[in-house]
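Each of the next two complexes has subunit A plus one other chain: subunit B in the first, subunit C in the second.
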Partner chain A sequence: MFRFHRVESIKPWTIIATRVISVVAALALGALLFAAAGYDVPRLAGDVMRGSFDNMFALEDLGLLVSPLILTGLAAAVTLRIGLWNIGGEGQFYAGAIAATVIGLEIHADPALMLVVLGAGGFLGGALWILIPALARAYLAVDEIITTLLLNFVAILFVNYLSTGPLRDPGQAVTSATARIPYDIPTLVGDLHWGLGVAVALAIVIALILAYSRWGYEVRLAGANRFAAHYAGIPVPRRLLQTMLLSGGIAGLAGMLEVTGTVHRLQGGISNNFGYLGVMVAVLAGGQPIGVLPAAVLMGIILNGGIVLQSYGVSIYQVLALTGLILLFIAVGEQLAYYRIPHMAQRPTR
Partner chain B sequence: MIELITGVLATALLAGGVLVLGALGEVLSQRVGVFNLGLEGLMALGGVSAIITVAHVPNAPLGMLAAIIVGLFAGAIFSGAVVLARANQTLCGLALTIAGSGLASSIGQSYSGQPAKAIFNTVSVPYLSDLPIVGRAIFSQSPLIYVIWIALPVALHWLLFKTRHGINLRAVGENPAAADAAGVPVTLIRFCYVTIGAGFAGAAGGYLTLAFVPSWSDGITGGRGWIAVALVIFAGYRPYSATLGAFLFGLITALGFVGQARNWIIPPAFLSMLPYVVTIACMIIPVIISRRLQRRLAAPAALGVPYFRDQR
Partner chain C sequence: MSAAPARNVVELIGITKTFPGLVANDAINLELRAGEVHALLGENGAGKSTLMNILTGIYQPDAGEIILNGAKVRFTSPMQAIAAGIGMVHQHFKLIKAFTVAENIHLGWNETPRRVNAGELERRTTALAERFGLEVRPGARIEDLSAGEQQRVEILRVLSRGARVLILDEPTAVLTPTEATALARAVREFTASGYAVIFISHKLDEVLEIADRITVLRAGRKVATLPAVECTHARLATLMVGREIILPHSREEDAVHRPGSVVLQLSGVSTFNDQGVPALNEIDLDVRAGEIVGIAGVAGNGQRELTEVLTGIRLPTAGEVRVRGKSMNGASPAEFLQAGIGHVPEDRLRSGLAPSMAVADNAVLREYRKPPIARGPLFIPSAVRKLARRIVDDARVIVPNMRAPVRNLSGGNQQRLVARREMRVAETALVAAYPTRGLDVGAIDSMLRYLIEIRDRGVAVLLVSEELEELLSIADRVAVMFQGRIMGTFAARHAEAEQIGLLMGGHAGAMPTEVAA
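Up next, the complex of A and B:
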């Protein structure tokens, strides 16, 4: 008999390989479960891939899902860099959407200028939504996971209240939604708007800031070892606060882009769980802003799969269950990567 | 007025029961050092299992049993991941919440919106139920109420603070290395109590769909799992305080119902926000008021930290 042997550190490529293996294993288990439930898995998989890549329309749809996922993923990733969890992306997304809707419906000005104003409003809305959890975390050490998450429920209730009450468009008989926001984000190709470009650019900018600026260095140091950062003279609480506000703002921007570019009206359920899936994206990406890009594409395909497969009776819930499974496999795989079978890992050198 | 107080009290006990069960399970889990953020998912799984069971065999206790067993089973998977494989507890908890809620909603689709085929009926205690106010509020409820509000908190308090096993159990959460050196089986205790705690959360789901609502629909847990986790934190990881906190939240929920029924000027959406907002306030305000209080209610020292025997 041998005992597994835990090694102190592993190489970066081992981490990436483990992550890929975890995702593949979770998808394989998911496929097995779907097969056990009586689905024709190869055909479903083919349909999902066709639904995402087959033609330009499919790619546009995928792009429309990937853009908010990049931003909500980025939002969760920046807090991971400083060792915090922002699970409230869903709420900040809605807060950004609310801010953009209210500004867009109330203020009439030059469209190009207004897009900038709407973007700023969305960012501020998201940042405002995370302000109290961020202050409590930075200065009072109150656990941020629960406070950020609970505000999601508040935001969803608030959106439902606004879209069925004060902001409801009386012209809409069937659905409860606000009037159409009179500003549009220019399109890139077909239905796909420039939100995707903004998202990708922001991911690159944030990656550069974190990697090369003094601020980014301080954030990363505070994330690696908060006490060491404190002794090095870094104002840790201020960095915690700034990182969380930035995170909320990015998620709010995602909400603004979604409501202005894709949905055009504020209504309940405009977020396809983008906030929650953003946490998944960030974890898949290992908290790296550039890693968010491929992770968001993968999550976009999975989410799109749920939409494409609705005709087979597959619902968004099965997709969510599958993403939960992937998350669990990543978490476990991350630890298992540290274990070696001693006989194989190292030969006695004496 | 008396009618109103009776109604609020009765609803508070009924609504708070979900939180008592969830919070007590989380107390067990956190006292042995494991942060279980999967409560929401466990509740959803428990709730849907109970509903499906009673749809086939209309027997409420049997449905409850199914909820507990499913909670234990999902909890064992979670424990396997965080205690045996020592995976990140936050990640696994979120995974459990997402996977559990998703799975529950997908298998519960065909049962959504229908009333439960069997529920926990109310039983009026002779004579006591005739008392003013408390009579109908306390003594004309399902017998389950007494188990949840009295028997379980007392039993847990006794286990944690009055027995030798309880000392071992808390030692595992405070200083697993020392507990290990003293011969306490750290991994076994963690695995068992995290799993049992998950069983409580499953029961909370069963209670939700068989006694409180009583039916199943998507998102029926509505963040109660998260509120239960928060409750444990600001109750200082103590069974009695957590139970008291659950009662306060029951009152807030009941107040929301009354407000909606009586057409208060406050829009219903804002009344529905109350439990979440109050939870956040309860997590922050005590810390602002007194740092000493915060220390007194401090978390178990090894909470959230996986234990590696070879690294002590």
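Up next, the complex of A and C:
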């Protein structure tokens, strides 16, 4: 009979290895299911990889998916650092997009200056969207998971209202889009805009703040043990509030970059579930800002692969189910990593 | 009492158990005789718990055998050990608080009738209680019982399942002296009717009092098994630790010690606990610079809340806390820290440390706001490691790696780390709750010396402890707490343990004597 032995702590590389194994195992199970459904899995896999890496256009498309995923992943990751879940990245993304669109359509000024203004507007829009859940969490201990989640639906409906109502561009054939925003994020290469650079830089900056600032230490301490943080003299509610506002702002910035860099107008569904997928990215990254970068790339490949797979008649929901499977495997793997099966042969050391 | 060698109920032969990097039990032999109280004595980590976990089927030994009533047995689960008549009462009771005594007795027992009602269960419980001579209230809910009553329920539960060998794990840790005496009497009665009792403890006095024979473990090995009549306090301490221990007796050394002005002052302070129940009831207490005031009492009588209002973690609902004459009402933990008050909290892992963070990050928890760790808004990791190294070295904490999470340290090392960290910031006063809890005899000694050292530097020390002996040996004054009140304050040199013990149990019959410091 196997007897599992729980160990108290595991090494960082074990955590990373576990995570990689979990992702591979989830993909393998997904491949089996696709094979059972009659798909030619090797060909599918080849096409998915080609869809992301075959040529410059494919890489640009991948980059356009990865940039918002980094930011929404980062938004979820900063709240994880203080022990909270921001499930409302989707709503904050839209709020940022709305703020940027309204400002961009109404105000006409120097384009370089306006991009800064739009960025600030997007950040503030996202922060404003999380303000009520954040205040309720920090000062009244109201569960932030429910409140942030529910506000997503409000934001989505609000975008639909704006894009089909007051902000609808009557000159357009499409009935649910605003006019083109007259300010564009400069492009990096081809269609890929500087949003990617902003996202990567922000991930690095946040990582540095957490590791090398007093504020970052306080946030990490409050996340590791709220009682100990209070004991250490840290104003814990204020840090909870600040962290959540930062998180909402980052998600809002992602929305702003999407409307000014990629879509150029506000319309329903622009978020592509980036907000929700950001939570997955953050979990994949173990809540570490730098880990968000590879996690976002992996998620980008899966999403990009989803677009390819849809041409084979695979529905987007099957692809999303695959991402759910990865999350499940990571959660299970994280627990299993703490267990060892003692070898009978090694008795003296056990 | 054990004059005629009785037959052996249990024999453990060559029990060996290893965990990664640790030999917990190394070829231990132990014989338990019918009708004896056999004390198992040893420091934390000496292997007592592992050995008992093997005897009760929780662990399987790597080598060695268990002989029960002359026959070799192998327990692969605790259920088998219970069926064989070996029962254990754990230090932390395994009772369901919302259930009644009768319900707890009958829970998970194959002799419980299939169809039950409260009246029937209570009748059965009363019958069991009479049979074993343990007084319990069958209809009472566990959460309403005192620790002593809960313990009786646990013992009754074990005995009712047919145990002939009763293992008590640090049974007096949660009891008042009066309750401990009652337990000792009950234990005597069991052994008189042929039961065997294994009594795990690290308190030398009670072991000497209650045991027939004493087995001392040290670092996973058996050091000796001795008849209690041949043992003395000093001999047992030496066997346990492997060297001689002298408890600091500051009183004799320092007869002319004079405390300074009042530094910590509580007047009429009341507050609630986490459940919203009154926990402090109009407390008045002064602590002067250069004196140690001990707080005696059974845990859970408001000590936690007292230390929390003195450090800003909990706000008083009435009354006033003053530090050096300045009112601290509404002050945050940060302001108490600035006023130079260090705090060794009661449960270090819950409120004194962030278990998942690095040793270094935990070591600087109180000083990260100041240079050299803080440079403006920056947090300088190299300075963190340097300061942490100093604290760790001063505290003689054994750390494999400063980046390792602090939960990897042993409890004793965590305690030393917290204590040293707090002593550094305690310029005015140190509020220390159970600072010696979880430490072995040698480490207790150095911890008490630290406290004396900072007192002699003119720091006010409030020491909360369950160990009366410890309080009486180093405190200048001792206050006794019971149900959120201070029952009396004594100058330690005039105090009598017995009188303090009565007050700890809430016996107001022993009139509190106020003695000016």
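As a working rule, the second predicted complex is superposed on the first by the 341 of 350 C-alpha atoms of A that agree within 3 Å, B and C clash if a C-alpha of one lies under 4 Å from a C-alpha of the other, contacts with A are read in each partner's own complex, and residues count from 1 in each chain.
The working rule: contacts are C-beta pairs under 8 Å (C-beta built on N, C-alpha and C of every residue); 3 or more make two chains touch, one makes a residue touch a chain.
Because the structure is a prediction, the values reported are computed rather than measured.
S.K.: Just subunit B (first), just subunit C (second), both, or neither: which does A:Leu336 touch?
M.R.: First partner only, subunit B.
S.K.: A:Val189 contacts which: subunit B (first), subunit C (second), both, neither?
M.R.: neither
S.K.: Given the touch rule stated above, what does A:Leu325 touch, subunit B (first), subunit C (second), both, or neither?
M.R.: first
S.K.: With the two structures laid over each other on chain A, which partner does A:Leu151 touch: subunit B (first), subunit C (second), both, or neither?
M.R.: Only subunit B; A:Leu151 stays clear of subunit C.
S.K.: Which of the two partners, first being subunit B and second being subunit C, lies in contact with A:Trp215: first, second, both, or neither?
M.R.: So A:Trp215 only meets subunit C here.
S.K.: Which partner chains sit in contact with A:Val283 here, subunit B, subunit C, both or neither? Use first/second/both/neither.
M.R.: A:Val283: touches subunit B, not subunit C.
S.K.: Would you mind checking which one, subunit B or subunit C, touches more residues on subunit A?
M.R.: Touching more of subunit A: B.
S.K.: Once the shared chain is lined up, is A:Leu32 touching subunit B (first), subunit C (second), both, or neither of them?
M.R.: Neither partner.
S.K.: Is A:Tyr161 touching the first partner subunit B, the second partner subunit C, both, or neither of them?
M.R.: first
S.K.: Please report the subunit A residues shared by its interface with subunit B and its interface with subunit C.
M.R.: In subunit A, no position sits in both the subunit B and subunit C interfaces.
S.K.: Quick one: in the complex, what on subunit C touches subunit A?
M.R.: 18-20, 62, 311-313, 332-337, 343, 345, 350-357, 361, 365-366, 368-369, 374, 377-381, 404-405, 407-408
S.K.: Per the contact definition, I'd like the list of subunit A residues that touch subunit C in the complex.
M.R.: My answer: residues 7-9, 211-217, 220-221, 224-225, 227-235, 347-350.
S.K.: For subunit B, which residues count as touching subunit A in their complex?
M.R.: Per the stated touch rule, the residues are 37, 41, 81, 85-88, 90-92, 94-106, 109, 218, 222-223, 226-227, 229-230, 233, 267, 269-270, 272-273, 276-277, 279-280, 283-284, 287-288, 308, 310.
S.K.: So in the complex, the part of subunit A that touches subunit B is made up of which residues?
M.R.: By the definition above, subunit A touches subunit B via 6, 85, 87, 132-133, 136, 140-143, 145-147, 149-151, 153-154, 157-158, 160-161, 165, 276, 279-280, 283, 315, 317-325, 327-328, 330-332, 334-336.
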